[in-house]
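This report concerns only the one structure given below.
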Amino acid sequence: GCAGGSSDGSGDSASSSKVAAVIKGLDNPFFQAMESGINETAETDGVDVTVQAAADIGDTTGQADKLTTLAGQDFGCFVVNPISGTNLVQALSQVATAGKTIVNIDSPIDADAAKTANLEIATYIGTDNEAAGGKAGDFVLEQVEAGSEVAIIGGIAGDVTSGARVDGFKAAVGSDLDIIQESAADWKREVALTTATDIIAANPNVKAFFAANDDMGLGIVKAVENAGLTGQITVVSVDGNQDALESVEAGGLSATVAQYPFAIGQLGVQACEVAAAGGTLPAEIESPTALVTEAEAADAIAAFPQPFAPFENPLEDELAK
Amino acid sequence: MTTTEQARPSRLKAITAETKQLSFWAENAAPIGLVVLVIVFSILSPTFLTLGNIKAMLVAAAILVILAIGQAFVITTGGIDLSISATMTFGAIGFGLAFSNGAGFWLSALIAIVAAMLIGLINGLLIAKGKVTDFIATLGTLSVATGLALIVSNGKPISVNSPELLTLTSGSLGIFGYPIILAAIIAVGAWFFMFRTRFGLHVQAVGGNEESAVANGISATKIRMAVYLISAALAGVAALLLVARVGAAEPAINTQYLLNSIAAVVLGGVSLTGGKAKIVGPVIGALLLTALTNGLTLLGVSQFYQPLAVGLVVVLAALLTRFQKK
Amino acid sequence: MTTTEQARPSRLKAITAETKQLSFWAENAAPIGLVVLVIVFSILSPTFLTLGNIKAMLVAAAILVILAIGQAFVITTGGIDLSISATMTFGAIGFGLAFSNGAGFWLSALIAIVAAMLIGLINGLLIAKGKVTDFIATLGTLSVATGLALIVSNGKPISVNSPELLTLTSGSLGIFGYPIILAAIIAVGAWFFMFRTRFGLHVQAVGGNEESAVANGISATKIRMAVYLISAALAGVAALLLVARVGAAEPAINTQYLLNSIAAVVLGGVSLTGGKAKIVGPVIGALLLTALTNGLTLLGVSQFYQPLAVGLVVVLAALLTRFQKK
Amino acid sequence: MTDNYNFVPAAPHTGTTPARDFILKATDIKKSFGGVHALKGASMTMRRGEITALIGDNGAGKSTMVRCLSGIHRPDSGTIWLDGDDVTFETPNAARERGIETVHQNLALVEDLSVWQNFFLGREKTHGLGPFRTLDRKLMKSTAGDLLKNLAVNVPPVTSKVRRLSGGQRQAVAIARAAGWGSKIVIMDEPTAALGVQETARVEGVINTLRDSGVAVLLISHNFDQVMRLSDHVWVMRAGTAVAERRTLETDGDELVSLITGAKAA
Amino acid sequence: MTDNYNFVPAAPHTGTTPARDFILKATDIKKSFGGVHALKGASMTMRRGEITALIGDNGAGKSTMVRCLSGIHRPDSGTIWLDGDDVTFETPNAARERGIETVHQNLALVEDLSVWQNFFLGREKTHGLGPFRTLDRKLMKSTAGDLLKNLAVNVPPVTSKVRRLSGGQRQAVAIARAAGWGSKIVIMDEPTAALGVQETARVEGVINTLRDSGVAVLLISHNFDQVMRLSDHVWVMRAGTAVAERRTLETDGDELVSLITGAKAA
C-alpha cells in the first residue's frame, strides 16, 4: 500500500520523481542485496531508479565521479552509500545546491564535512558498522571464556567499513578477551582462509575469530574445518549474506550479524518517495540488524532477503498517507 | 634514398594517400577512439554533451591525466612505474598528516610532493643505481609506499577541511575546472620538457638505445633517476587533487589508477619498449578512459557490464595501433 | 676464444671463485631469499618449521606456483599476461556454473579449463595476429574476463560441494598436499617442455630475437598463440584449486595473484625482456612470496606492516639479481 | 600443441626441367615498404654450380632481394623460378625446404641461445615419438661442433651463448649453419664484412668448396677483390633494379664501379 | 633537474707538454669481463697528425681497446696518456671533452631519433637561459645537413629517423658526427665494413682530410689494402695484447698477416 505517492507532484517543481542510487562495489554480495532492495522496491512502487556502483570497495574517486555524472541529470533524489565519510561530499554539494533530496544509507557521511559543504541530508538509514561489530563482540563474549584468545580478520588494510566493524568488535570485548592478532584479508575468502590457517598454526589456543565480512568468515570456517577444530573455535562475521546464513544453519559459521542490505536499499527508495511526496523524514532510521545464530538461521533463510524478525518501518505510515 | 617513383605521380599520390590514411588512423588511435565515444554517447544520452557533464568529466579526468604524464616519462625510458598510485596515496597521507598537524595548505602541499618524491627517489636509486628491473623495483615500492601510508596514518582516513582545497576542486574558468587547468598546465610543461629541451631528448635517447646514449656521454643513471622523480612528483600533485576530491587523505591504494595510467599511455601510442615519446597521446588516452566510464554511467549500464565495456574499448583502440608506422 | 690466463692458475682460480660466488648469489636470488626467510622465521617463530605449517604453506603456494609457471612461458617470449588472475576467476566461475547445473566434476573441470583458454585464445589472437602490445591486450582482456565472470555469475559466489574437490584440497601424501603435488607435476612438465622439446626452444628463440627466429622458419605467431594458451590453461587449472580451496567459485578479482605471479617470475631470475627461460626460479619465487606472508602472519606482524615487509623483501631479493651475468 | 614443432623436413624437391642452365631466376621483383620502393622490378639469375656475385651501393636493394629469395619477404609482384618451377616462398621454411640457405646480413642468430641451439634453430633433431619427442642434444652438439671446426679460427664452444661471441665468431656460426645443410643454393649477404684475415680466407675457402660440390652460391659483397677472386658471374644493382650483368672474366673493377655508380650505362 | 643537461662543453684542453711526438699513449691496459680477459696488458701509441691503424683478428681486443680510449670502459689497470697528461676517462663525455671522438663498431646511434638529433646527441645546441633553455633545432638541423653532405652519396634527410636509413647511410651519419667536432683524435672502429664503393671512397677521403687538418686518426680495419693505403703506422693486436708495430712504409700485407696470426713473432 505504498504506491503512487510520488507522482502527484509536491510543491517542489525542480524535482523529478526519478531516483539515483550510488552504492559501493558490486563485487560483494552485501551490496548486490542492497541493489536488489533498491530495484525491487522501485519496481513495486513504480519509481524510476538508476543504480550505479563503484568499481570496487576501494574506488573512492570512481564512486565520486559516478555520482557527479548522475548529479547533472534530472534525478530528484539521491540515495548514496559512500565508501568513506567524505569521498562523496564534493559531488553531493552539487546535488545539494540544486535542492535535491539526499538520502544517506549504510555508511554515514562525515558530519563535519557535510556541515562544511552545506549538505542537508534528508535522512540517514543504517546501522553503523561499529554497532554491528559490537553485536558480534557481545556474542563472542558469551561463547568463550573470559581471557580467551581471539583473532580479527579485517578487509583491505585501511578500509573504512572494515575499520568501523573491527573497532566496534574491539570496544565490545574490551579487555575481557585477549586479542592476539589483527590481520587484513582484502575482503577475500581465499586470503582469509590462508591467513586463518596461519593464525591457528601459530596460536593453537585461539578460541574465536571475528571477520569483517561474511566472505572472509566463510574462509575462516574452512580453515577451522581443515584444522579439524570445527565446534571448538567460534567464528563470527558481519553481513548476513545467504551463503553465510546457510553456513550458520549447517553449523559452520557460529553467527553472522545480519545488516539486511536489502532492507537498507528498500528504505532508501522509500525515503525518496516520502520526500517527493512532501512527507517528513526522521533524521535517522535504524535499519534492522540481527545476530543470526544456529537457532535463528532457518527463519532467516526463509525470510531472506527480508528481515526475519518483525520490523517497525517508520516510513510505512508516511507512505500510506 | 627513398626510391619513390617520380615517374607515376598520380598512382604514387593515391598510394601515399592510402598509406597516410591507414597510418593516420593508427597513429591517432586515442583521439579517434575519443571522438567515436563522444559521438556514440552523445547519440545515446542527451546529457553527455551538456556543459555540466563535460565539466564534470574534465574534472574527473584531471588526476588520471597527471598520472599518465608522469607514467609517460618513465615509459619513454623503457621503464614502468607500478608504484605510481601507491605513491599518490602516500603523498595524500603526507598532506593529510601535515595539514591536520597545523601546517598550512602550501606547506602541506609541499610535504605531499616531497613525500611522494621520496618514493620516486627510492625507485630511481633501485633502478638507476641498483640496476634492479623497473617492474620488480616499483612493485616493491608499491608495497612499501602502501605500508608506509598505512603505518603513518594508522590505517584511518584523515579528514581535511581546507578552503584552498575547496577552491582547487570547485573553482573553474568557464567549463574548465581548476583541476583540469592544472593538468593542462602540467601537460604543456611536460611537452615542452620532452620535446624542446636537452633533458627530454636524452630521455628519448636512453629509452631508444641506452648503450648508444651512454656512448654519447648521456648519463643513463641521471636520466632514469630524473624520470622516476618526475613521475613521483606528479603523483604528489595528483595526491593534492585526490585529497581535494574526496575531502580526506585515505590510506587505501587506488589500483585502478595504476592500471589506467599505464593504459592511457599505451592507448596514447607510446610503446612500452621505450624511445618514443608522446605527451598529447597519453593525455587523450586518459580523457578517453574517463569519458568511457562517464558515458557508461550516464547510460545506466550495469556495474557488471562496465568492465566488459572498458575492456572491449581498450582492445579495439589497441587494435587500431596495429597499423602504426614503426 | 676465452682468453683466460693459463699462466697464473692460482690467482685465476681465486678470481674465478670470487666471480662464481657473486654470480652464484645473484643467479640464485630466489632460493637464497627463501633460505634466509626460512632461517629468520624459524628462529622467530617455533611454529614456522612444524610439519603442519609447512604443509599449509605448500598448499597455499600451489595456486601461485601454477600461475607463475604460466606467466613464465609468456614472459620468456618477452610478453606479459596481465589477465592471468582474471582468467583464473573466469575459469572458476565456469566451473561453478557447470557444476551447479549438474555437470559432474570432470566435465566441470574441463569446462573451467576451456573457459580459461578462451581468454587465452583472445589474448593470443590479439597479440600474435593482431600485433597488439601484450600489455594493453591483456589489460583489456583482464577487464573483459572480469566483466564476463561478473555477468555470468550475476556477481554472486557459487557454492560448490564436490567430493572430488574435497579430495583435491585435503588429500595428501605425507606433508605434500595434493595441490602442491599437482603444482609439482606441472612444474616438471613445464620444465620438460621448455628445455627438452623443440617447442620450448622456439619459445626461447622468439623471446630472444623474434626476427632471427622467424628468419629460421619459426612461426612467432604460433609460438605466441601457444604461450598465451598455456598460460590460460594453467590459470584454468589454478581455478580448480581455487574453487577447491574455498569451496566456492567467486567472481572477485584477485589482483594480488596477478602481481605476485609476475613478481615470482622476476624474482626467479627471468628477465621481462624475454629470451631467458627458467622454471625452477619462478616456482621458488612463488614459494618465497608465500613463505613471506605465512611467516609474517605467524609472527603476528600488524596488517599495516605487512605490505612494508613484503615490499622490502621483494626489493632486497631483486637487488641481488643485480649481479646476475648477462 | 607441439606437433607443429616436430615435423621432419621434406626431402629437397628435385626439379626435372632445368630452365636452360639457370638454377634460379627472379623476374621483375617489386617490393615496397610503405613509401620506400626498395625493389622496382629487379630481375636476376643464378647458374647451376657457379658463384654469382651481387654488388651495388648501400641501399641499392641487395638485402631486400635476398630476403625475397629466402622467403622472409613476399615480393609485391614478380616471380621466382627455382629449377624451372615457379616457387613463391611464403615462409623462410618453404625456401629452406626447397634447398635455399641464407646467411643474412644481420646473421639471424638468437643471442641468448647457445651455439648449437642456433645451429639447428627451426629444424632441431629429436628422438622419441609424438609429444614425447625430445631434443637430441648430444647429436646436435657434436654435429654443430664438427661443422664449426672447419670454419672458425677461434672455435667457440658449442654450448656457449652467442651473446658471448665476437663479431667474427658469430659470422662463422651463421655461415657454418647455412653451409651445413647440403642445400642447392647458399645465399651470403656480406659474409666477410666483419671478419679478420684468417676468417675471411676460411670463408672464401668454404664458398669455393660449396661451389665445387655443385652448390650455387649467391655472394653479396662490397669487396671488389673478393668478387673478382671468387665469382663466376656478377650482377649489379642500382636503386632497386638490376642494371647489368657480366661474366667475371670479362670485366674488371673499374667497369663494375662505373656500373654501380651509374657512370656507365649497362 | 634539467640543469645537468644544459652544460656548455668545456673548451678542448690543450696540453702543453707533448710527450715526444705522441699525442696518445696507452700503457699496459688490462680489461676483463667476468672470466674473459679481453685486454691483457696492451700498450700502444698514436702520433700527432698521423693515421694509426690497429689490426688484429676477430676477438683480439681491438674494440675493447677503443672503448677504453673513449671512456666507455674503465680499464682494470693501465694508464692512458693524452698530450703527456695522465687522463683516466670516467665517462665518454670526459673523453670527448679532451678531444677524442669515436665511431664505434655498433655506431652508437639511437634508431628512434632523427639524424640531426643523433648528430648532436649529448652536446645539443641550445638558446635561452637556465631552465628555459630550448633546443636550437634550426641550427642543429642545418649544421648536421651540411656536414653530412660532404660524406654520404645518398644523403638522408636530417629529419628522418635513423631507423629508416640503410646500413651505409647510418655509417655515414656516425662518421660525419665524429668528424664534425674539431677534435684532436678521431677513432674509427671498422668504419667502412658495411659501405659500398662510393661511400668507402668518401670515408677514406674524410680520413685523409682529417689527417691533413692535423687530427690524429686511429683506424681499425680488416681491410689490408685500406690500411696500406691510408695509414702511417700500424699496430697489431693478438689475443689481448699489442704484439707489434710497424711504419706502414716499412711493411707489407704478408708481414702483417703473419704478425696477426702469430706465424711471425714481433
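Which chain is which? They are A, B, C, D and E, in the order written, and residues in each are numbered from 1.
The rule is simple: contacts are C-beta pairs under 8 Å (C-beta built on N, C-alpha and C of every residue); 3 or more make two chains touch, one makes a residue touch a chain.
A quick map from chain label to UniProt name: B, C = ABC transporter permease; D, E = ATP-binding cassette domain-containing protein.
Model, not experiment: these values are computed from the prediction.
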| item | value |
| --- | --- |
| Remotest chain, subunit E as reference, centres from CA atoms | A |
| Chain of greatest Cα-centre distance to subunit D | A |
| Where subunit B and subunit E are represented by their mean Cα positions, the distance between them in whole Å | 41 |
| Cα-centroid distance, subunit B relative to subunit D, in whole angstrom | 47 |
| Between subunit A and subunit D, centroid-to-centroid distance (C-alpha), Å | 72 |
| Centre-of-Cα separation between subunit C and subunit B, whole angstrom | 29 |
| Of all residues in subunit B, the ones touching two or more other chains | 1, 146, 150, 155, 255, 303-304, 306-307 |
| Subunit A residues counted as touching two or more neighbouring chains | 26, 56, 157-158 |
| Residues of subunit D whose C-beta touches two or more other chains | 36, 59, 154, 166, 169 |
| Sites on subunit C touched by subunit D in the complex | 1, 192-193, 196-199, 201-202, 204-205, 207-209, 211-219, 222, 226, 229-230, 275-276, 326 |
| Interface residues, subunit B side, partner subunit A - complex | 47, 50, 52-53, 56-57, 59-60, 63, 146, 149-150, 153, 155-157, 159, 161, 169-170, 242, 244-248, 250-257, 290, 293-294, 297-298, 300, 303-304, 306-307 |
| Footprint of subunit C on subunit B - complex, ascending | 82, 126, 130-133, 135-137, 139-148, 150-151, 154-155, 255, 259, 262-263, 266-267, 271-272, 303-312, 314-315, 318-319, 321-322 |
| Of subunit E, residues touching subunit B in the complex | 1-2, 4-6, 70, 72, 91-93, 96, 102, 104, 106-113, 117, 121-124, 126, 133-135, 154-156, 163, 165-166, 169 |
| For the subunit E and subunit D complex, residues of the former touching the latter | 36, 56-60, 105, 153-154, 164, 166-169, 171, 190, 193-200, 222-225, 257, 260-261 |
